[in-house]
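Each of the next two complexes has chain A plus one more chain, namely chain B in the first and chain C in the second.
Up next, the complex of A and B:
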């Protein structure tokens, strides 16, 4: 057997493994189209999903604002303790999300280090949801942006510098345009991760309710049949945003190379 | 792959070995309500000390879910203990069981910590005045998800009748959320909205899905008071105000008074207020009947009662609904 055949076989197992549960969620729903239609017309469900998307958007903004400089620094400079910083960036991926929620609560709660002096209320409020989302999704943005910065040749920047451009100008007119696709892809991943977060959010803010909390809540008190249509709605909504942006990015790449 | 093979073989062998070692012991499966976790752990220890050939395996879940494991998922269980004794006859008779022993009770209390606001003032007579104060925050669990949550609503509504103050529920809950009791022919009915429409004023109320999630709320100082089972408060060393028997759902002799309060959950299920009394049974298909009987005997014994007392679940006099169906070894209780 050729290596490519073996690889194709092994890969398809993993692809199937991901696709099957999602597929079965959809097919099971076909026997209850009525429930699906009802959920599609449910104003409160839509409100919750849009609210979740909005909170995830805010979280992504913060990730880009603070994560881009960090990603650039990690990609371009050597400094003592760099490995430690890299490890810290990945920490949220390792920590169980419920633990992350409790840890965030101890900092952003009314008696916490930041929560006690902040004029903004975090617990059971939008800012709490945003910090929980940011905590779990930031690594996705930072690591993708970092790869982007690593992928461009520093000589482009050096050339621009020798031509007299300031560091700021080089960063915004050379570095960013060359990596914007990584930045956009990272932001998209981080947005999607934020939308799907449950464990950390439910600890710091059960209300206002986000989509994953709503799905869990319906599952608890009315069972799978009531929660499934909302899951499908959320999957369809996130997927359509995801695919739209991906297609835009991909077309951009094609035009560029032609 | 060649390098991995020995590792895989070792893993497989060690898994099998692990199985062999525990297979020598009798596995006694005890499915129980979540609120019984602590006392059950203690009873497990005592039981295993006396019967070293037995490995007691505890499995906690909501009471209805616990019973459904046997009736719908066809799980084999040796002992089933529910936080609401009436669920056993309701869901298991006659196919899966035919007797229930009531063995312990619980009650709703208002728990707090020393640094909760006005903790030095609060008592059985003024708690609702304290909770009314603008700077006091309190919590309960979501009535749609958790029996402790709808029981808390029942208690607050019962307080209106007991203290003769018809605005207690309105001031504490109704004006801070979409929850509201409506009077109908002398009954009081709360029709629950879907959870996403409860709309709590989060400056005053903290709602969480499950009662135990409120514990970090109080320990992190987010709330000053919360409605909770006495046992949970005691097991977490929280202080608590005990409410009058007439309203705290602990006393069977007030069953009629309680039953005037009803909650209709968002999923359509209707629940009436009734005393919180735990029940235990041995399912008909229990694989290890002999040890199961010994375990139930321990639960209702003097020693068992002391465990429940210590952990905040006042034992009640063991009472079987169909004594003639009890196994021989349990007939003398």
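Up next, the complex of A and C:
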């Protein structure tokens, strides 16, 4: 048997492993179309999904604002402890998210280091949800943006400086325009990851409910039949946003190269 | 008249050391000649302000520039791959230096493009240009901001022999017509022989000898320089033919 055939077989197993549960969620729901229609008309469900998308948007905004300088520094600068900082960036991916929630609660909780002095309330509030989302999704943005910065030849920036541009101007007129696709893709990944977060959010802010908490809550109280339609709605909503942005990015790329 | 003066410039980069480089360059076409890894590119990056020297001083037209960032030096720099901005058209590439200073001027862009024979390329993107066209665009981009000195890092290494001949003529013409002193880095005797008013031979981070190409060939001051230039008998012949 050829190596390519073996690889194709093994790859198919993994692809099926991912597709099957999602596909099964949809097909099972077809036997209860009435339930899906009812959920579709449920104002509370839509409000929760839109609230989740909004919280994820805020989290992504912070990830871009603070993560871009960090990604650039990691891509362009050598400094002592760089490996440690890189490790810290990846930490949220490694630790269990419930543990992340507990850690965040100890900082942003009413008796925590920041929560005790901050005028902003984090526990059971939007800021708490955003903080939890940011914690788990920032690595996705930082690592993608970092790859983008690393892919640019530093010569472009050096030449721009010899033409009279300050470091600041070079960053906005050369570096960002050359990396915007990585930045946009990273932001999109970060947003998608934030929307799907549950473990950290449920510890710091069970209320107001985000989509994943609502699905969990309905599952516990009313079972699979009540929670599955919301899951489908969340999948469809996230996918449509994801695909729309991807298509826009792809069209932007085509227009640029033509 | 001295345009560029380097005094005892040193830089350590890992195992490589650029040692006590002292140079004085006038309004001439100056070539830094040396084998690969000699430190030529490090030296022009120090002059451009991209690399900071450990010790020594650099002045340009009597102005101390050692501590200045690249944007305050008024030195044009053409890297080996020209580094044309891929996200900008040729027009916007050339205009870049003016635009960031708020002096956007289409007329100047067209004028310099005509001088370099690239006005028909202005709407194109760098990816659609040949090696020779890229070089002309990079020259236009560097020259439009009227630099006091032009640095060229192996500008002819990526082109075929026929284009190389044409581009050498072009570089000589640019030096004359734009009245700009040039420091050109190369490992090629041919380029040095055809283009240089004076040559500095650099080997293992040290300047070995400075002079006209004929002086290097007839009067090498060290065994290393003699060996480096001596094997090029055909080149000696070429020089005498040219003269």
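By our rule, the second predicted complex is superposed on the first by the 256 of 258 C-alpha atoms of A that agree within 3 Å, B and C clash if a C-alpha of one lies under 4 Å from a C-alpha of the other, contacts with A are read in each partner's own complex, and residues count from 1 in each chain.
Just so we're on the same page, a contact is a pair of C-beta atoms (placed from the backbone, for glycine too) under 8 Å apart; a residue touches a chain by one contact, two chains touch by 3 or more.
Computed from a prediction, not measured in an experiment: that's the story for all the values here.
Peer 1: Using the superposition on chain A, decide if chain B and chain C clash or fit.
Peer 2: On the superposed model, which is not a single observed complex, chain B and chain C fit side by side.
Peer 1: Of chain B and chain C, which one contacts the greater number of residues in chain A?
Peer 2: Partner with more touched residues of chain A: B.
Peer 1: Here's one for you: vertex at chain A, rays to chain B and chain C, all C-alpha centres; what's the angle to the nearest 10 degrees?
Peer 2: 150
Peer 1: Could you tell me if A:159 is touching chain B, chain C, both of them or neither one (first, second, both, neither)?
Peer 2: The answer is second: A:159 touches chain C but not chain B.
Peer 1: Where does A:174 make contact in the superposed view: on chain B (first), on chain C (second), on both, or on neither?
Peer 2: second
Peer 1: Examine A:184 and indicate which partner it touches, taking first as chain B and second as chain C; both and neither are also allowed.
Peer 2: Touch status of A:184: no partner.
Peer 1: Return first, second, both or neither, reflecting whether A:220 touches chain B, chain C, both chains, or no partner chain.
Peer 2: first
Peer 1: Considering only touches as defined above, state whether A:192 meets chain B (first), chain C (second), both or neither.
Peer 2: Once the two structures are laid over each other on A, A:192 reaches no partner at all.
Peer 1: Of the two partner chains, chain B (first) and chain C (second), which one does A:70 touch, if any: first, second, both, or neither?
Peer 2: After superposing on A, A:70 lies clear of both chain B and chain C.
Peer 1: For the superposed arrangement, tell me the lowest C-alpha distance between chain B and chain C in Å.
Peer 2: Here the least C-alpha separation of chain B and chain C stands at 38 Å.
Peer 1: Would you mind listing the overlap between the chain B footprint and the chain C footprint on chain A?
Peer 2: Dual-contact residues (chain A): none.
Peer 1: Please name which positions on chain A make contact with chain C in the complex.
Peer 2: Interface residues on the chain A side: 153, 155-156, 158-167, 169, 173-174, 177-178, 256.
Peer 1: Report the residues of chain A in contact with chain B in the complex, numbered from low to high.
Peer 2: It is residues 44-45, 48, 102, 105-106, 109-112, 121, 123-125, 202-203, 206-207, 209, 214, 216-218, 220-223, 226 of chain A that touch chain B.
Peer 1: For chain B, which residues are in contact with chain A within the complex?
Peer 2: 142, 144-145, 194-200, 202-203, 206-209, 213, 216, 220-222, 265-267
Peer 1: Which chain C residues qualify as touching chain A in the complex?
Peer 2: Interface residues on the chain C side: 45, 48-50, 69-71, 73, 75-77, 79, 81, 83, 85-87, 96-97, 100-101, 141-142, 145, 147.
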